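Below: one structure, written as structure tokens.
Order as written gives the chain letters A, B and C; numbering starts at 1 within each chain.
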């Protein structure tokens, strides 16, 4: 093994361009890495070996022919809720058994256009409902840093495979923290773009007004390169924003000064019960940013504490409708009945796991006759207050620094019996989804037990460049991201 | 006690668009099952809807034709219910902010002008088509997701005649407006009918019964009549009407309860997160208004005022947009509106009944019909010969009118020595009418005229004959 | 949400959602979801009387497409995905009006 799998997109692109290695070599190295470590990590649901090698060969051919593309020959793993033409798309659910996607998600088409090699599909919480990848019907994923711990979720497979050098980068999706939280747990970088930046077409919907696809990568720079490829207006998604996409990757400056930049620190984000090691790591990171020239200002996001309540009403309501299509009629699992009513009840009972059932039932309830105003409408109004908090805060600062999670990765099975406890852990990530703005998560330390800790950099809507700049400056002047799990 | 019925209609009309409401699949009736489907209209994972601009325009134009106000900002909602013809198990529709608000329709009900008011028109998507076979049902999703608008009337009608007149007028306007072909057999116009009965003088409406998804106007009429009788009987017997959904059994002409223990629907409406609101500016509304086509009432007025047609003719010709468009095209070529009207309403309609409208129109094209009318106008053939000529053209499925006139010797004789000869013969052979005419009984000339026509075997030009006879008698 | 406080009947709502639950599941979810509903009651503290609800995080209007026919799916792929099909149609158990 030539250790190519350990490199970043930026590093590999240079080597590939210089002819120091080929994409086939890179892919072979990554496949070998998967072979040695995935037995322990369990990130992958399917590895498309032959197809990946063929794509790599094609990429090498294109390069020889003089083609230059941002991800040419770079192997990327895909969260298994994105439709890839001709392949299953399981969403880690039994209910999609037998379904073959007849089309490419827009982001998949964009990856192909950018020359990326699709490696295979990785594990997640069923329909992205969860924070630990334990709600997965088709496989178990462990944290690469300690296999007794969860990788986070719902994009647990994406974060784990990147952290374990089983992919150079991966796609995930973030509805309430599902990119940032596993990135923090696994010690990699994840970006939740502004709502509307990345097309959702082909992303199996969990909560349509919150879902965004984003990158998980080894560095901020790599995240920026991948993000640049993913963003852009798409006529197939009405919520996609028609505006110029900055060249996130190409424009990212190596200047590490944060002089002239105001960074906000929200007191509400250092919540009760937060692990002191997490708090310390984040406060140290804040100090570090100050040393890079940033001005630190106190800001307030007073409605943050309501975010979990609002999130679990809105997300489950939308999910109850979005998941109604999984009914055993047109595709996927069918358990027959003597009439459609019976078929639906049996199919959905057998096809959905417990967490999905719980959330669909909760979402159905909050929309049902007589309760809509009390739950859904009220939640939408509080959502407005949460958005306004951010609008106010960004009048005082350019970006906000915060923890991603109250604790480092917990143990497998530790919270599965208590859904509410698990939900409460999303307190620091859900406000951003509700407000629609962007945020990234990057490593800022380790617990005494050797588990990664994440720093969250929150930006205003469409301020991805700002958070990437802060993250990149922090990363270049620290060493956290260079540490590797001892697999 | 006397009772009165109150009726409201929710009429679903499939709009004339090329593609579906939220995806680019073709809208085509009668295509092989499941050939016009895509991830969006099949509700596949990850698919998203995008609004069809034309459907929005057609819905708003329908609204303008019906005097609605166009909502400056309307939005979309999901209506949740599980059914095999609903690919996503929710329908995208508009709950609280529809595209069109209010509106009204002035309708002639058996000679009396009545105004029926509308509550709203909203845009939504159609369901798939189910057919039932032994032990199973089959679903064809070609119709799933096609553009469908729902015109909701107020409960303002009181009889089956009201409802029928409303529907006929509505259908006519939608056809004229180019909004829909409104073909009931193709399911392009379907109505849910709400009927309630209350004692005369009672303010609040009685319990309402909904009869769902009927396309035949005749069945709608029967169902309403049956329901009014059933509910009135119930009330008269001291009973109460149960608010429910009922089906209509067309074989027995009766409605029947469809209630099951499945209880009332709980549609769990909420704003559709995948679609953005629609804002429509006043300028846009004015632009659309300026593009509205002539409606039947306006056309009737034009026929009477500008073409000097009798009211009766104008009414008959405008009842069907296809006929009226056809008529307009002929008079552009041939002028002579009354002659054209006579032909279309006479021979034309009788042949259409016999061989079908489409077949007749394909033979008697505006060009051919214009030529036939021209021959009459130029007095080349008589009115009788015109009818004969149309018969021949239809029987032969077409042909050159002039050639047939020649072949059959149908040209009328005028200004010809033959005319003089026939006139002389008639005067000589009928001294009595001649005498009477000369004594001042001018009507007697008609007898002589008949004799000349007979002798000419109908080919003589009646005007010319009259002239010659008068010359000779008055001489 | 005063009227909502009487709590949810998990069995009934599961039926609305068309998920057949076992008795054990019903009991388990009832307890867990009652807890969640109790938690979200904190939203009652807020006076949201004249706050506009947010349906879309980023407001955009009039996202329209031209009325043009595009590519549909291959019929064979559609049928291959269907758990049951007859004569090119998707077969389901007999629909009796519900």
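Quick notes on this structure:
Note that in this section a contact is a pair of C-beta atoms (placed from the backbone, for glycine too) under 8 Å apart; a residue touches a chain by one contact, two chains touch by 3 or more.
The shown structure was predicted, so the numbers you read here are calculated from the model rather than taken from an experiment.
Set side by side, A-C and A-B show the greater C-beta contact count at A-C.
Once CA atoms are averaged chain by chain and compared with the all-protein CA average, the nearest chain turns out to be C. Separating the CA-averaged centres of chain B and chain C is a span of 40 Å. Chain geometry summary: the mean Cα position of chain A and that of chain C are 23 Å apart. Centre-to-centre separation of chain A and chain B, using mean CA positions: 57 Å.
Under the contact definition stated at the top, the residues of chain A that touch 2 or more other chains are 99, 102-103, 209, 235, 238-239, 320, 324, 327, 329-331, 340-341, 344, 364, 368. Annotation for chain B: residues touching 2 or more other chains are 39, 42, 50-51, 82-84, 139, 141, 262, 266, 268, 273, 275-276. Shared interface positions of chain C, defined as residues touching 2 or more other chains, are 16, 18, 55-56, 60, 63, 65, 73, 78, 90, 92-95, 98. Across the interface of their complex, chain A is touched by residues 1-4, 8, 10, 13-22, 25, 28-29, 32-33, 35-37, 39-40, 42-43, 46, 48, 51-58, 60, 63, 65, 73-74, 77-78, 80-84, 90, 92-96, 98 of chain C. Residues 16, 18, 55-56, 59-73, 75, 78-79, 86-95, 97-98 of chain C touch chain B in their complex. Those residues of chain B that touch chain C in the complex are listed here as 17-19, 23-26, 32-39, 42, 50-56, 73, 75, 82-84, 130-133, 135-141, 247, 258, 260, 262, 266, 268, 271, 273, 275-279.
Chain B makes touch with chain A in their complex at residues 39, 42-51, 78, 80, 82-84, 87-90, 139, 141, 262, 266, 268-270, 273-276. Residues 81-83, 89, 91, 96, 99, 101-103, 105, 200-205, 207-209, 235-239, 317-318, 320-321, 324-327, 329-331, 340-341, 344, 364, 367-369, 372, 376 of chain A touch chain B in their complex.
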